[in-house]
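Data block below; observations after.
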Amino acid sequence: MADAQQSHAAAADVSTTYLAQIKAKRLMNFILLIVFLALFMSGFATAESRNAGGFLEGLGNIFDFPAAMWSEAVERSHLLPGYLVQYFPSLVETVNIAAASTLLGALAGLVISLLVTRGFAPVTWLIGPLRRVLDIFRAVPEIVIALVLIFMLGGGPVPAMIAIALHTVGALGKLFSEVNENASLKPVEGLASTGANWTQRMMLGVIPQVAPNYLSYALLRFEINIRASAILGFVGAGGIGYDLRNTMSWGVGKYDEAAAIFLLLFGTIVLVDQVSSLLRNRLTHGTQNIEATI
Amino acid sequence: QDTAITEFRIGILGGENAQDRMNSNECLRSSIEEALGVPTKIFAPADYNGVIQGLLGGSIDLSLMGPSSYAAVHIADESAVSPILVKVNSDGSTGYYSIGFARIDSGVTSLEGLKGKVFGFGDPNSTSGYLIPSIEIPQITGASMDNGDYFGEVKFTGGHEQTIVAVNNGDVAAGVTWADGQGNWEDGYNFGALRKAVDAGLVDMNDLVEIWRSKLIPGEPVVLRNALPDDVRATVTQIIDTMGENDPACAEAIAGGEVSGFDPITHDAYTSIVAARLAESN
Amino acid sequence: MLKLANVTKSYGENIAVHSASFAIDKPMMVGVIGRSGAGKSTLLRMLNRLTDATSGEITFDGLNVTALRGTAKRQWQSQCAMIFQQFNLVPRMDVVSNVLHGTLNRRSTFSTMFNLYPDEDIHRAIDILERLGIAQHAPKRAEALSGGQQQRVAIARALMQDPKIILADEPIASLDPMNAQVVMQSLRDIHEQDGRMVIANLHTLDTARRYCDRVIGMRDGAIVFDDTPEMLTTSSAREIYGADASFSEATTSTQIEPDETVQRRLVDIAAQ
Amino acid sequence: MLKLANVTKSYGENIAVHSASFAIDKPMMVGVIGRSGAGKSTLLRMLNRLTDATSGEITFDGLNVTALRGTAKRQWQSQCAMIFQQFNLVPRMDVVSNVLHGTLNRRSTFSTMFNLYPDEDIHRAIDILERLGIAQHAPKRAEALSGGQQQRVAIARALMQDPKIILADEPIASLDPMNAQVVMQSLRDIHEQDGRMVIANLHTLDTARRYCDRVIGMRDGAIVFDDTPEMLTTSSAREIYGADASFSEATTSTQIEPDETVQRRLVDIAAQ
Amino acid sequence: MTTATLQMQTITRFSRKKRLTLAVPLAILAYFAYIFVAFDIAGLGDRVNFGNARTLVSDSYSYKTHVTQDNRSGAITMSIEGERKAQYPEGMTPDWVTMGDVTTVNLGQGHVVTLGPQVRYDIPGYGTVTARPDGNGVNASFPDGPIPDFINASGNRVMIATDAGRLTVTRNRAEVFKYSIGWEIFFFTLDSPYYGMDAGELLSRALTGEAGSIVQGFWSNTMWRHGDVFWALFETLLMAFLGTFGAAMIALPLAFLAARNFTPLGGLRFVARRIFDFLRGVDGLIWTIVLSRAFGPGPMTGALAILLTDTGSFGKLFSEALENVDDKQIEGVASTGAKPLQRYRFGVIPQITPVLLSQILYHLESNTRSATIIGAITGGGIGLLLTQAIATQKDWEEVSYYIVLIILLVIFMDTLSGWLRRKLIKGDGGGH
């Protein structure tokens, strides 16, 4: 009996503590929600007030531009195949920029990722500095490097390729090193015991373990880099982005060309996107976080 | 038509630094704000297209723009805007020229010397940087502007400043930009992109040589959105029209060089430009 | 041949191996016993130079092993093969490739990178696998094999190195008793037929007694026993394992059956 | 009270429950046994209306359960709590919140969206947890609890619904024997003290015998046994489990100790 | 199987493997060879402009002061980087310029330029160059001997570029550049009372009540425009913030439509997925252009462009997360008689919040980078400042400044999002 009373008192005790706890938490969550909403609303209001057109006024005109483009494209649809052929080389250039920079970035990222993974790194004091370098490579938007390089090297695909490759080194270097951290050291030690040198230990002991994940990340990067390379075209780095910008900013009269270029670009992006996600699904299962770190 | 507006928005373009542009147009902004009594803002997008889209979509009310850009707006929507005023040069003339130029040490002195070389346009929406030369130059060379037809390659540099820098650096063999054609070559003429580049210390005109000059191009119009209430249109027109007398410093700041002021103009002055632009379109 | 003089390894405060000295004059099969943490693994790793000794000297036929650097060190590693408790194979590569890794030190980096192994190496690898009774698994991936088979692949890799010494760090600890017998027998055969020195860390006394010519006992980093298996009495075992009166051999035993049965089974397995 | 008449559920060709009929007149503890695939889960799910019967009729105090739709159906679900083998809690939410989910049907959608429950509900939730001996875990996340504790949280959620019937689908199958006893005892207590009807799918005969007032045996979707536990002889068990002569009760038993010891342990656990 | 056949087979297998492992690097090499040709990398040597590269590098850590004489009026002006905004006010000169009848500019290392009707440049180790500009030209005279490389002279112009500085004389003006290390007037402009003060003095003044005006002086620095730059950074961040969270809020309900387990209607699902693909496939930059017709230039347009693209990405990611949810939890909630919304709230949302949050935070960081690019087009944020500074090709110190700020901003967002991820996902309270 006394026991029951005691336990009842204990339950009451738990109740009060829990209630206090839950109320604090509720209040906290509520405040957080309000703060977030206030930030979002006032942020939007600021953005709108610093914008030329207002949100509500503009909403009605949202389809004007696509409609203008569409009507012109339909009107001169017979020219479309010609444009597709005409701009195909530019598309190839854009894809080449993406492919070459992904390849370069992945190769460099592979080496650097091995150099910054504890347990694999031959020179331990280099790990910290190299990691910072990767961080910086990742932080600089491609367009910044591209613009600076265009200044030095002139327009064309090379600045874009270098810019994207540098960014890719940063992004893939980090992802690869995360993959490396989950790789087993046992095979590496096994190879070390036979007298294998660093290169052999890495190529034969590590790469076979991590290759599928590497490949999957590299494919995803390729997808992203196609977009990046098209965008860099906008600032004069060649490829299809450059043509798209020129025709788009000409406006009425060349919208049909712009539409054709857009179709080419969009088609390519969707194609690569689909193919790569198919391949990636095959390479790794449980790719929950793959897209996350990009 | 609206009876009242809540805001007035000016779109500006040109090669300078965005912030510098905003600063030089500040005097215009404040006088319009004072006269209309509504908040007035300046927007400086990175390229012509931003202002063109703004005028078409109704989010930009006023702009001083190149004839070709005006023509682009007019072609897209005849009723969107009309030209109200035009810049008057200090000698009283209006209009300007597209000037072809090259580095003096390249030995090129005329279009003939450019066969097979790289030629630079500015922005595809620029009148003097693209539209006019792309029509007049083929008449001289007798060949199209396509890559490899006469010139080895034809590039868009992105704008007047970029063209001047590109020619000066040798990135392109020759390029086109605009100038009033008055005054000394060494100074980059009295005004225009070359003069600005000289004043900014970007180039030394002694390093460059003029190789081609277009026919006179009608001057840059001030365009105003038609949907604005009549009283707003009248007030704004009045402010800029009298700017030359009331505030010459401001007039020069917004025009980007020595001017005597602004004079009324109508669409008729630009029919040839519209025709040229239509000819260039598909 | 192999001589250790006051070899010590310390990890900060913690002394893993404390002034270990012994000499082995001719190829024999040596068992190292001691409880967990006694320093057995550390001792073997220092012999292979996977871990550097803090002080002391290891010499082999007059060569100062502890002083070797770079290529010379890797050269030594290739002569002193190591077998691990967890096999430490490359699981995604096939068995033959894993065995061929034993030749890495002899071949150029470039050629090994692109699978350019000479035909005679491949022949030899298969011969070794054949000898260990797992030739039929040659094309499979290492990860597809059972533990005992993987350990035999590891032994094959060691043999591929054509080493003077084979070090085995608890080679049978991850294996079931059946497979353990097969692996220990293989090591014994290698010692007897090829005349190589084998040093094996073992965690069971009976295995040490049965297969080794000499037993070294370690306790808390120090060598506390070094003699023939016959001298390994229960009392000396207690000394090695920490003088706990409840110590009984049975707890460490992996012996499963009388010898004849094992031998028959071995034949069966090899024939599979 | 509860009456099933020719209740049938078929999945395409496959008939999961075949014309099941029985009636339960007063609250009692009913065990449903049968081997895997016999249709036990399907039967319970139809009772709770998680699954719709293909044909037949379930009535409860005259209410035609099978015909309910929308709000009325959810109302019924709230009176007929379900406990799952895998507990089916929300692991990232705390224990009390999980228990409070039992009130969802009674509270407005809006207030529950923001986790706003009346204080008296929270008090009651903690009282229930107290009764089941896990009140001290109230603020923890459900995923931080052991299996047995999670199952008790699930029971607490069921009690929170204040149901007329508690359905338990193999509530102890994922638990170790120790926890299994605690959970079964809790269900029995609920039946005895609150007078609620409990229907539990069980996979062990001895549990059914020990805790239930009535046992229903199913085989291939049909009810083949329906009687008191005393009547559950080895031969009837063979009938239910498929007449395999090798059948022995021991294979399904989870009993671990004589009753007294269990009782003592239960007290210990609850006191923790 | 005999050992011999096994050996034969293994050798065949290895030669196949050998060919395969060799084929991969060879294919890569071949591709790079193709790229080498296609991108004309060999010709890069001719195209690269080392002068530009040098300007860029030296400009980013040094500045030049212009001393200019108008040859017609004789007036002397001094300014940093030749900008009108950075002119030395009347009566203020750098300490290496002495004004008088003639103006002496001491470039250091013995290099002295004298400005006046006749311009002189004493070049140590070479001699004195004089030039007397008039209506006909610059009339320069040089020491005997061949004119060295660092002098570039014609009738109308003389230019002398030495390590110490540069002198240009034309008919109209004579101009001296002196190069110095640092970012001059980074803190205060020449006309500010705080120009040239050291940190200690500023601090003591700040403490005596001038803090406001000191901050004001820094904030409104007309050369570096810290205030505007701050606003630009803020706008960039704002675009990323609004775009990311707006997209998340829109994508979450739509994702249910694209998830197999929540939308049994195949057609609807297909449509939802293609919409996501479309939104994602059209890049943010193109959305910017499309939207600028409706909304004009400005940060809201940029934010909406990011929002559209990310709605596509989030829609895809969220719907994948939804397809991976564990049905047990939903069933558990459903069995209590919960209403559909309650089922989603308690059966689904707690399960997907970790995935959602981590995706949103990852995107927040990467969108900060996108916002830089989008701002360059839509007319807002640090991206516009940066592209414009690069386009004018002279203010490389500003370019460096902006780049450093952008990198810091992105690294900050990266750190912040990592911190929030750890805090929100690993920590408690995730289910609420």
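All chains are identified by letter, namely A, B, C, D and E, in their written order; residue positions are counted from 1 within each chain.
What we mean here is this: a residue touches a chain if its C-beta (ideal position, glycine included) is under 8 Å from a C-beta of that chain, and two chains touch if they have at least 3 such contacts.
Chains and their UniProt names: A, E = Phosphonate transport system permease protein; C, D = Phosphonate transport system ATP-binding protein.
Remember, it's a predicted structure, so these values are computed and weren't measured experimentally.
Trainee: Roughly how big is the turn, in degrees to the nearest 5, that lines up chain C with chain D by CA atoms?
Mentor: 175
Trainee: Greatest Cα-centroid separation from chain E: which chain?
Mentor: When every chain centre is compared against chain E, the largest gap points to D.
Trainee: Which chain has its Cα centroid closest to the overall Cα centroid?
Mentor: Centre-most chain by C-alpha means: A.
Trainee: Round to the nearest whole Å and give the separation of the Cα centres of chain A and chain C.
Mentor: From the centre of chain A to the centre of chain C is 48 Å.
Trainee: Just give me the whole-number Å value for how far the CA centre of chain A lies from that of chain E.
Mentor: 18
Trainee: In whole angstrom, what separates the CA-based centres of chain D and chain E?
Mentor: 63
Trainee: Give the residues of chain D that touch two or more other chains, as numbers and ranges in rising order.
Mentor: 115
Trainee: Spell out, as numbers or ranges, the residues of chain B touching 2 or more other chains.
Mentor: 9, 11, 43, 47, 49, 53-54, 56-57, 59-60, 158, 171
Trainee: Two or more other chains in contact with one residue: find those residues in chain A.
Mentor: 26, 51-53, 58, 61, 64-65, 154, 235, 248
Trainee: So which chains actually touch one another? I want all the pairs, not just one.
Mentor: A-B, A-C, A-D, A-E, B-E, C-E, D-E
Trainee: Within their complex, state which residues of chain E touch chain B.
Mentor: 47, 49, 51-52, 66, 82, 154, 156-157, 168, 170-172, 225, 228, 289, 292-298, 376-379, 384-385, 387-389, 391-395
Trainee: Please output the residues of chain A touching chain C within their complex, sorted ascending.
Mentor: 184, 186-187, 189-197, 199-200, 203-205, 208-209
Trainee: Which residues of chain C touch chain A in the complex?
Mentor: 48, 50, 73-78, 81-82, 84, 86-93, 101-102, 104-105, 109, 112-113, 154, 157, 161
Trainee: Give the list of chain D residues in touch with chain A in this complex.
Mentor: 96, 115-116, 119, 122-123, 126-127, 129-130, 135-136, 138-139
Trainee: Can you tell me which positions in chain B touch chain E when the two form their complex?
Mentor: Spelled out, the residues of chain B in touch with chain E are 9, 11, 15-19, 43-47, 49-51, 53-54, 56-57, 59-60, 158-159, 161-162, 165, 169-171, 186-187, 200-202, 204, 206.
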